[in-house]
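Below, chain A partners chain B and then partners chain C, in two separate complexes.
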Partner chain A sequence: MNIFWLIFFRDLKVAFKSKQELFTPYIFFLIVASMLPLSLGPISWNTPIIAVGFIWITILLSSLMVMDSLFRTDINNGTMDQFLILSYSFSFIILAKIFAHWIVSCLSLIILAPIVAVSFDFPTNKVFLLIVIILLTTPAISIFVSIGSALTASLQKGSVLIGLLILPLISPILIFATHASTLAINGESMSGSLYMLSAISIFSITFGPLICSSSLKASLE
Partner chain B sequence: MENQSLLSVNSLTVKRNNISLFQDLSFELEIGQIALVLGSNGSGKTSLIRNLLGFNSPVEGSINWFTDSISYLGHNNSLNNELSVLETINFYLGLYSKSPSLLLNSDVIKDFANEFLDLNKIKNRKIKNLSVGQQRKLAIYCSVLKQGSCWILDEPTANLDKQSIKVLLDFILFIKQENRFPFSSAGIILATHDHSLLEKESSLLIRL
Partner chain C sequence: MFNWFYRLGSPPHFYKLNRVIYPWIGLISILLIIIGSIWGLAFAPSDYLQGDGFRMIYVHVPSAYVSMLAYIVLAISAGIGFIWRMKLAHAVAVSAAPFGASFTLLALITGSLWGKPMWGTYWEWGDARLLFELLLFFMFLGYILLHSSFEDPNRGDRVSSILAVVGIINIPIIHYSVEWWNTLHQGPTISKLDAPSITIDMLLPLLVMIFGFTLFFFFLLLFRLQTEILIRSSNTQWVKSLFMDNAND
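On to the complex of A and B.
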């Protein structure tokens, strides 16, 4: 089996076995979804624009929650050393790990997000567009958070630092994603925003693993 | 294959946190040789190995490898607690692009797995349910599966009982010899604080 898929499926297997890591994003997502109407009080909370804000903030925060452990487990148990001495691109290995974490942390939210969005009065005929926007945006979010995770890999408690490092970089992605979602609700053309989000994701997938691998090598010294 | 150089180290100087660990270290390793790196705790054995593997950069000197097939056993066991023993073995076989049927059915590997690891007994256990010694043995077994031309073993006998140490040392002497299927002859770098390990059999003695 290709080493990329070997590492991808191995990381998925580990995530499914350590159930805490697997369910943390969903539980977080559902807790926020159930608490938000209570915290907003008796105002008209069932407006789609609240759904948009809620969905993007929770996707971002749940990505941050699981990314802390993305590289640290393999560094602490020595597996990353084994990856480094393979005659195989280290960047591809890192991409496989990020892909597996994207499946665990983001892809599953694609199933939950439309359900929550509809409960916030998001137009049901626009839910498909919301899924497309999430699909185009979350790879870039995962890559940026991975870069933060790689930069702080040598620190035992790096999760706060990841947030500080990454949130300014993710802000433009969040702006475009929110803008595209708002356009979808209003029934306007969102092709410009979608092109931009696609470009950011492709750029991130191309260069992100290279930055991650260099950061990890520096962290391992 | 005899007298083929695997590694050349010239005038190596390594520091850790600005403290010099060793200076001007030079040696060459050839196939069929054992280089024993001896030193007390903190003397720089692991730092030397991490420099050889390219994880760290030396302050001075050069390291030239003439092979890219390296089996490495580090301080940590490179095992994920959530996986079972069999899943771990299959993962490393895939990672090293080895054919399970060819490798695992060879008599040498089967004997080593049974004698050293008692594989049949523990194969379905999760790593986190193994003892520290069993985890170390599994890590050694996984690095054996790579069949490298150069083996780098950092304190391989840590947490092993006497019988297991004997089996491991016999196996190391076995693989350094010429072409014992499924292994090609290999060079071995063994870092340890234990002076009784293979001191007589080693071709190079590096005291740190």
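On to the complex of A and C.
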């Protein structure tokens, strides 16, 4: 089997073996959902626009939380050094790892986001559009967060930094994602936003692994 | 062809050149800022809508402009440093970051002071321009924090330069946010390609101020670069001989 898929399935296996890491995003997602009404008190919560804001902020936070361990375990047990001396493109290895991580983290979002959205009175017939938007946006978010993870990979307390480094860079993606979701609620034509989100995702999938691999090389050399 | 470039990249050569250049840049910038301030604050006509309150433009616009310029300088020099492994370029990036953060903070503070009498609020979270200027501040802080958290300065240079280069995607968004999201912040006054929407009496002092602020930023950058070069090459022969010569004088 191709090395790309070998690493991809290895990472999936590792992710599905540790139940704690697999289920933390689900619980985190729901915990934040229940903390949000408490933090703002008795206002009208069942408005779709709040669901949009809530879903995107939780996607950001949970992807930041999950991605911290993306490269660090491999660096600590020496696997990353083996990847580096492999006669195979290091960027593709990184892409395989990010892809596996995206599958694991996106799965939880695809399952939970519609349920939470509907609970905020998100229009039921528009929920599949929300899933499409999440599917188009999360690759770019995953790529950017893994860039942050690669930049801080060799630091002991790097996980605190990732949010500060990466959230300003993700903000444009967030704007387009929120815009698309709002258009979906209002039932307006959203093809422009979807094209834009796909373009952003393709752009980041193309350049992200290169940036990740060069920053990993720079921090490990 | 690139000989001048490589010579500029050599720390001792640049140090000696810079010693001559930076006091002049500082002098010219301070003269320009003094001329611009007096012209803008005392002689320019007051705005028919905002009265004398519009004079905040002479501090706010130049510092906002310099904050973006500082990030571009930071990103380009970090990129040069990463690609050609040029130590001087990394030194430029590291020296630019704190001043970029300072000018961004200045733009935010003057903007919110200007916002209170004109918009009735110090801060408007819904405004894209304010939000992105704040994010620019965090981008400078992120660069500084990431760079300082590496114990090995060479590694810190290389890793944080990647962050700086990736962050440049946000600069056009900050610049065009006023046009893309039509919110509280007024549109651009002078960066439009057609005729500027400001009278020449108000525009000239503003241009003087922008030019003065830009030169002042480069003066600060070069000033700090002197120290940065000395710190980075403190073990080299030319720094030792430089201080020996000074001691002998």
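Throughout what follows, the second predicted complex is superposed on the first by the 221 of 221 C-alpha atoms of A that agree within 3 Å, B and C clash if a C-alpha of one lies under 4 Å from a C-alpha of the other, contacts with A are read in each partner's own complex, and residues count from 1 in each chain.
Basically, contacts are C-beta pairs under 8 Å (C-beta built on N, C-alpha and C of every residue); 3 or more make two chains touch, one makes a residue touch a chain.
Since the structure is predicted, the reported quantities are computational estimates derived from the model, not experimental observations.
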Put chain B and chain C onto chain A via the superposition and say whether they clash or fit.
fit
Once the shared chain is lined up, is A:Ile103 touching chain B (first), chain C (second), both, or neither of them?
neither
Looking at the overlay, what does A:Leu135 touch: chain B (first), chain C (second), both, or neither?
neither
Is A:Ile85 in contact with chain B, with chain C, with both, or with neither (first, second, both, neither)?
first
When the two structures are overlaid on chain A, which partner does A:Lys17 contact: first (chain B), second (chain C), both, or neither?
first
Given the touch rule stated above, what does A:Leu161 touch, chain B (first), chain C (second), both, or neither?
second
What is the contact status of A:Ile49 with respect to chain B (first) and chain C (second): first, second, both, or neither?
neither
Just checking: does A:Glu221 make contact with chain B only, chain C only, both, or neither of them? Give me first, second, both or neither.
both
Examine A:Leu61 and indicate which partner it touches, taking first as chain B and second as chain C; both and neither are also allowed.
neither
Once both structures are superposed, the least CA distance from chain B to chain C in Å comes to 7
Once the complexes are superposed, what residues of chain A are shared between the chain B interface and the chain C interface?
221
Flag every residue of chain B that touches chain A in the complex, lowest number first.
53-57, 68, 70, 72, 74-83, 87, 91-92, 94-95, 97
What residues on chain A touch chain C, complex-wise?
147, 151-152, 154-155, 157-158, 161, 164-165, 167-169, 171-172, 175, 211, 214-215, 218-219, 221
Using the touch rule from the top, collect the residues of chain A that touch chain B in their complex.
1, 3, 6-7, 10, 13-14, 17-18, 73-74, 76-79, 81-82, 84-87, 217, 220-221
For the complex, give me every residue of chain C touching chain A.
82, 128, 131-132, 135-136, 138-139, 141-142, 145-146, 149-150, 155, 158-160, 162-163, 166-167, 169-170, 173
